[in-house]
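Both complexes below contain chain A, partnered by chain B and then by chain C.
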Partner chain A sequence: MYLIKKSEVLNIARELAKDHLVYGPVTDEATGQVLFDSLDDPGKADLGAPIPTIPPKNVVFPQMECIYSYRYDKNSRAVDIRQVNAVKPKALFGLRSCDLEGMRILDRFFLGQEFVDDFYLNNRKKTFIVTNTCIAPFAQCFCVCTDSGPSAKEGFDLNLTELGDEYLVEAGSDRGKALAEKLGLAKADGSYAAKKTAAVDRAMDLFTGFAVENKAWVSRVTNRVTTGFIKEDVWEYIGDQCFECGACTFVCPSCSCFNIEDVNKNDGSTERLRSWDSCSYEGYSKMAGDHNPRKPVEDRRNKRFFCKLSYSQSKKYLRPGCVGCGRCAWVCPGDIGLPNVVTYIRRETTK
Partner chain B sequence: MNYKPGICTFCGNGCGHFLRITDGGVGGVFASRNHPVSQGRLCVRGWNIHELLSTNRRILEPMVRRNGTLEKVSTDEALSLSMERLMKYAGESPDLVAVLASPRASNEETYLLMKLARTVLKTNNIGVDSDSGHRSSMDVLHAGTGFPGMLGSVKGITKTEFILVFDIDITKQNPILGSEIHRARRGGATLVTVDSRETQIARLSDTFVRTKPGSNKVILGALAKILIDENLVDSAFIQRHTAGFEGFANLLGSLSYDDIAAKTGVGLDDLRDIARKLAGAKSAMAFYPTGVSGLDSDMIGYLFNLFLLAGKIGCENSGINPVTGLNNLQGAFDMGAAPDLLTGFQPLGDSKAAAKFGDVWGVNPPAKAGKAPYAILDDPAGKLKAIVVMDHDEGIVRYAEKLKSVDFIVYIGAFENPFTEFAHVVLPVASYIETDGTYTNTERRIQLSRKKTEPASGVLPGWKLFSAMAGKGGAKWDYSSAEDVMKEISKLTPIYSKVNYAKLEKSFGIQWPCDEANPDGTESFSLGSVNRALNFVTLRGSYDVPAASKEYPWQLMVGKAQHYWHQNNLMKITKIPLREYNATLLMYTQGFIEISVADAKSLQVRDKWPVKVTSAQGTMNVSVKVSEEVGDGTAYVPYFVQDMITKFLLVHDEALKYGEDATIPVRIEKV
Partner chain C sequence: MADKHECDNGCKIVSIPQVATIEEIKDEIVDVKTFYLNIDDAGVREKFRIRSGQFIMCTVFGAGEFAVSLPPSPENDRFHISVRQVGKVTRALHALQVGDKVGIRGPFGNGFPFEDIKGKNVVYVAGGIGLIPLRSSIVHVLQNRKDFGRIILIYGARSPKDLMYQYNIDEWLKIDGFETYITIDSPAPGWTGETGFVHNLIPKANVPVDNTVAFVCGPPVMFNSVINVLMEQGLSDDCIISTLERHMKCGIGKCQHCAIGRTLVCTDGPVYTYRQIKTLGEQI
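Moving on, here comes the complex of A and B:
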């Protein structure tokens, strides 16, 4: 454990910027919106800003990405494939713990199964992660219900916790430790562990003020979703409110579905594009021969919550698919962000 | 930072978004949380707009048709040829040329195109693609209140007590507006949907009445009659603020209660319930469609008069609200893209206004009102030698045959478009993120969209392109930016008079009127802002509805809004939205006719089975789509889905004039 003065904490980002592309929370001046975006100036990172509206998913799994391009020569029947993806290592500075958990789910999906996704790996490898403990929750948060905050437990290189006018810096990896040493940070004595625990406990206590509705019910709903005992009309009630926009998928730190399209360029080459896709779209699950196993919208919604809150999913990814960031509730044109769905299902079970 | 704030330019909602700009390209999109209209929401189109903006299916080089094929030429050559030919025909007679402006282009672009038509080509033959419904709406609102735009605003939706969604599939056409209405309902507002189809908003409503196709006017007339007969009208309001009540009340006399249920398919008790809820609410709003499949002016008039009776016009969080399907349909009219209008709904016939334009332009606008391009094409005797078309959607395809007889067609657009097949000259223009420009959404919000990427080399932004065209036509325009154009617009347009880029830059847009009295814009139309009585609109009193006959027992509805985006040329360029909008169409490659479960049973057909559809004028073979959304005895086909449907519908021009309420009596047989 190390310490750094609040006024100097951005030096960590500045140091990282020397050999990384640094991303962090930053406020757009024109609209006042907080985004997790690349930082032209690491000094612009705002650790005190509310949870960014854009999850860091985009950095490792871009919304639209050319994964390679190819050129087919008809005469010689030769294909020239070009990998276009050579990236500089990235540093994610000021990541919230929920977003880190989301990325760890992506890691398990893209890297932790039978096949390793080279394109994801290429974006993800060598990424330096600096997390930021939430010393107070934001209005839509419910990470305490999904075991993903308010402080990161593992998976970071450095974790920052604001304690008065200084930050406690915990190293979670050898290179995190090396960076702290390189910056010459002061060592924190043993008493700081208790101070951090107190800060995290305080943050958790603050949740009770606004998260009463959802607290503790995620596990109960996981049980209902897993066993399939939720009545059809509850899903229909949810499905009727789905505008099929895809927003919940796009803002979710752990959603990993994608579409692949080949796009012919004017110069005769073809780009293979990978882009985010969503299970809320009817065309997403349509199969050859017009068969669609999930045609009605409520069946598609049901699929999403099976992905976020079911035991079979948790077993595969070692945690619930939902990380409690609350973004889906922000962007939903219906009123079926995950916390509300939990409430609807809970309402049924308590009837 | 890679994310740059902007506005979505698909539908008339004008939602806020961020575009992810990398290496000069668009790699993603994100919702804008603080934007007052969208508040963090986007629809399926908006969430995939980067697919359109990063496409290489662009028009990037000027082309001229030679020996039947389009050949690439220099910009100078294309512009010279275009203007030479256009000036030649205009010289013969200004009536021989016409300009079809775009409901998608920016205000600045449409203004300059309008100015080009009036000062260089000297013609008033100018109109907007997909204009019919919205113009009717503006006319009714102008006659009634003097305020030719949405009377309420998006902000008021969650504050109003009663919402009527009238014949619009709003969660598909303008989803975020639909979302706001849903939000209002969950907050306690009473939501009533009147439609012939059970749409998503119908399922989310407190009350949904399924009407027989073609009976909208009777429904609205009946609601008005009930208000009067049950003494539910706001008499104090009517006396103090309105004129023409007697005329409207007398007109309703010819409407009899006896056959309302038979004509509309809706019981009188249900209508009474709706009328009472409307009268009992402190505030109320109605939403109705405009554009290609909008309501006709008579129906809009009935809706307006109904709300006037209830005292729900001009007061807080109230009013009737036309919903524009395209991003700048309102703005295109504001910019005077109409044969009889100058900017901001100033009549061409107003000599004082015309003189003001003459002063600023140095050339007077031609005095005689022109005709809209569609009106000329509609008229069998209409003569057209040359036409300039910007960014068309497929409405104009209806005139495919007639266009073949037009000598010279110039097409201006940023994206590949099947219309170029008709064009003799094709001119590329920068897309909306490659230049600055303003767009006016359905609630009159003027929003600035800043340039985010460079156009391809040689491709001009609209304001430069039109200046160059004017130059070739002998005029000298010296604008140095889109902002310069807005300065001129605000000088000439009272409702835009205090609009400037500096103000727009610092805000999420300004709602017109933005003038001396309202420098920060106007959220809603209010009684206090006008020094006049509100007029009951004069209407026709015939309450006939298309009746089923033994020979043609089905009422066929045509071209409802939810398929509007199917025919949209921009959607066809994307990947995921195209897949979604095709999800239905691809399953019915012969086109489809939607019928109810019971009707399918009686016809002994199953989903996708072929049927023969016969009307008094023609026949077509299509597949059936068995659906719970249509009622028994009604059927539905989407507009322009397949050639065969287009051909079938073409012979029913008369019926199609009724837009959203169009019906064709047909017989359906198993084949």
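Moving on, here comes the complex of A and C:
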């Protein structure tokens, strides 16, 4: 454990910027939105900002990326396939613990199943992660119900916790430790562990003020979703409110469905693009010849909540698929953000 | 369900397609062509091994990529795919000539059981182009004839000109002990064989029930009526095996387009028993 003065904490970002592309939370002056964006000036990172509108998943899993390109010469019949070159190491500075858990879900999914996704690995490897403990929850948060906050437990290189005028800096890896040593940070004595615990406990106490009762029902609903004890009309009620806009999937730190499309360029080459996709779209499962096995919207909606809350998915991710950031409740033009879905299912099961 | 493969994912083409040459194109039936393919890189070609029931992702350069089942037997069979033109990418494939290049990734999926069904009676029931994925297992089982009990094929199509692999069927009819029943939906001039739907032929074929496994593949309506008859005959739902089709983008369990129930068709399937299919909770 190390200590750094509040006024100097951005030096960590500045040091990382020497050999990393640094991403961090910044407040957009025009709109007031918090974005997790690449920082030209690491000094602009705003550690006190609320959780960013879009999760940092686009850093490791871009909304649209060219995974490789090819050129096929019809006359000579020569094929030239070009892979995307290695990317510059990235550093994520000021990640919230929910977003870190989201990224760890993506890691287990893309790298830990039967096949390794080479394109994700290429973006993800060498990523340096600095997390930021939430000392107070934000209005839509419920990470305490999904075991993903308010402080990151593992998976970071450095973790920052604001304690008055200074930040406690914990190293979670050898390179995290090396960076702290390089910056010459002061060592924190043993008493700081208790101070951090007190700060985290205080944050968790603040949840009880507004984390309405439904949020404590996540595990119960997981049980219901897994065993299928949910009536069709509950899914229909949820489906009726779905606008099929896909926003919930795009702002979700753990949603990873994608589409692949070949786009022909004017120079005769073709780019194979992969882009975020959403299971709420009608064409999602439509096959050539127009056969679509998954038609009604409620059929597609319950797929998403099955993905977030079922035990079989939890087995793959080693935790629930939902990380409690609350962004889906933020953006949903209907009223079926995940906390509300939990409420609907809970009401049904307690009737 | 599937037999163990001698190598794990090491010999699969996972991310970047390998270039293959179209060596021969055969017209099968209306809108369906067979493409004989040969992987250009000799090292990759040597290691490329398939199991019956698996599929590949095939890139038509400039158009896109699609999932396609594999009709060749894993033993001594020329590598080929049979494709109906039905969308943008398959239409582009049909426009290609001998000598043109395509891309291949795979093979993916679990595949049909082979070791598990040794010593059993094997019944194949196919409708229309449903014969394409079953061909691989049929040829493989015929190549190991002595390891199996009765081998029965019940195959139906709309009309005589809609019968896939006519040249194979002609051979199969001559094989002693391979019980083949070919039918078309309604009488046609010049047709002297069976008429009517495939499920009506099941009682006629005197399909065995004990120690029997049935492979069923075809359009959803045919599939459901065949299943009903097989179950009436007394076949257990875990002895009925089929292969499912879904919209696929990656083939390696990442894009989630083929999610059905708790499974992904690309990595958990495409071969399922009817017992499994019943629990998936989606249309076939």
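The rule is simple: the second predicted complex is superposed on the first by the 348 of 351 C-alpha atoms of A that agree within 3 Å, B and C clash if a C-alpha of one lies under 4 Å from a C-alpha of the other, contacts with A are read in each partner's own complex, and residues count from 1 in each chain.
Going forward, a residue touches a chain if its C-beta (ideal position, glycine included) is under 8 Å from a C-beta of that chain, and two chains touch if they have at least 3 such contacts.
Every value quoted in this text rests on a predicted model; they were computed, and no experiment measured them.
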Using the superposition on chain A, tell me whether chain B and chain C clash or fit.
fit
Would you sort A:D157 into first (chain B), second (chain C), both or neither based on which partner it touches?
neither
Identify the partner contact of A:A247: answer first if only chain B is touched, second if only chain C is, both if each is, neither if none is.
first
Contact-wise, after the overlay, does A:I54 reach chain B, chain C, both or neither (first, second, both, neither)?
first
Quick one: classify A:W330 as touching chain B (first), chain C (second), both or neither.
first
A:A30 contacts which: chain B (first), chain C (second), both, neither?
first
Tell me the contact category for A:E101 with respect to chain B and chain C: first, second, both or neither.
neither
Of the two partner chains, chain B (first) and chain C (second), which one does A:E261 touch, if any: first, second, both, or neither?
both
I'd like to know which partner A:S38 touches here: chain B for first, chain C for second, both or neither.
first
With chain A as the corner point, what is the angle to chain B and chain C based on their C-alpha centres after superposing, as a multiple of 10 degrees?
80
Between chain B (first) and chain C (second), which does A:D277 come into contact with in this model arrangement: first, second, both, or neither?
both
What does the superposition give for the shortest Cα distance from chain B to chain C, in Å?
10
Residues on chain A lying within both footprints (that of chain B and that of chain C)
259, 261, 264, 277, 286
As the complex stands, chain A meets chain B at residues 26, 28, 30-33, 35, 37-40, 53-54, 58, 62-65, 240-241, 243-247, 250-251, 259, 261, 263-266, 273, 275, 277, 281-283, 286, 290, 330-335
Could you list, by residue number, the parts of chain A that touch chain C in their complex?
68, 70, 72, 74, 77, 79, 81, 83, 109-110, 113-119, 256-262, 264, 270, 272, 277, 279, 284-289, 293-294, 299, 303, 306, 310, 312
Would you pull the chain B residues touching chain A in the complex into a rising list?
1-3, 5, 16, 18, 20, 27-35, 40-44, 46-48, 50-51, 54-56, 171, 175-176, 178-179, 182-183, 186, 200, 203-204, 505, 508, 575-576, 579-580, 582-583, 586-587
Tell me, which parts of chain C touch chain A in their complex?
9, 14-17, 19, 61-66, 86-90, 99-101, 103, 245-247, 249-250, 252-260, 262, 267, 282-284
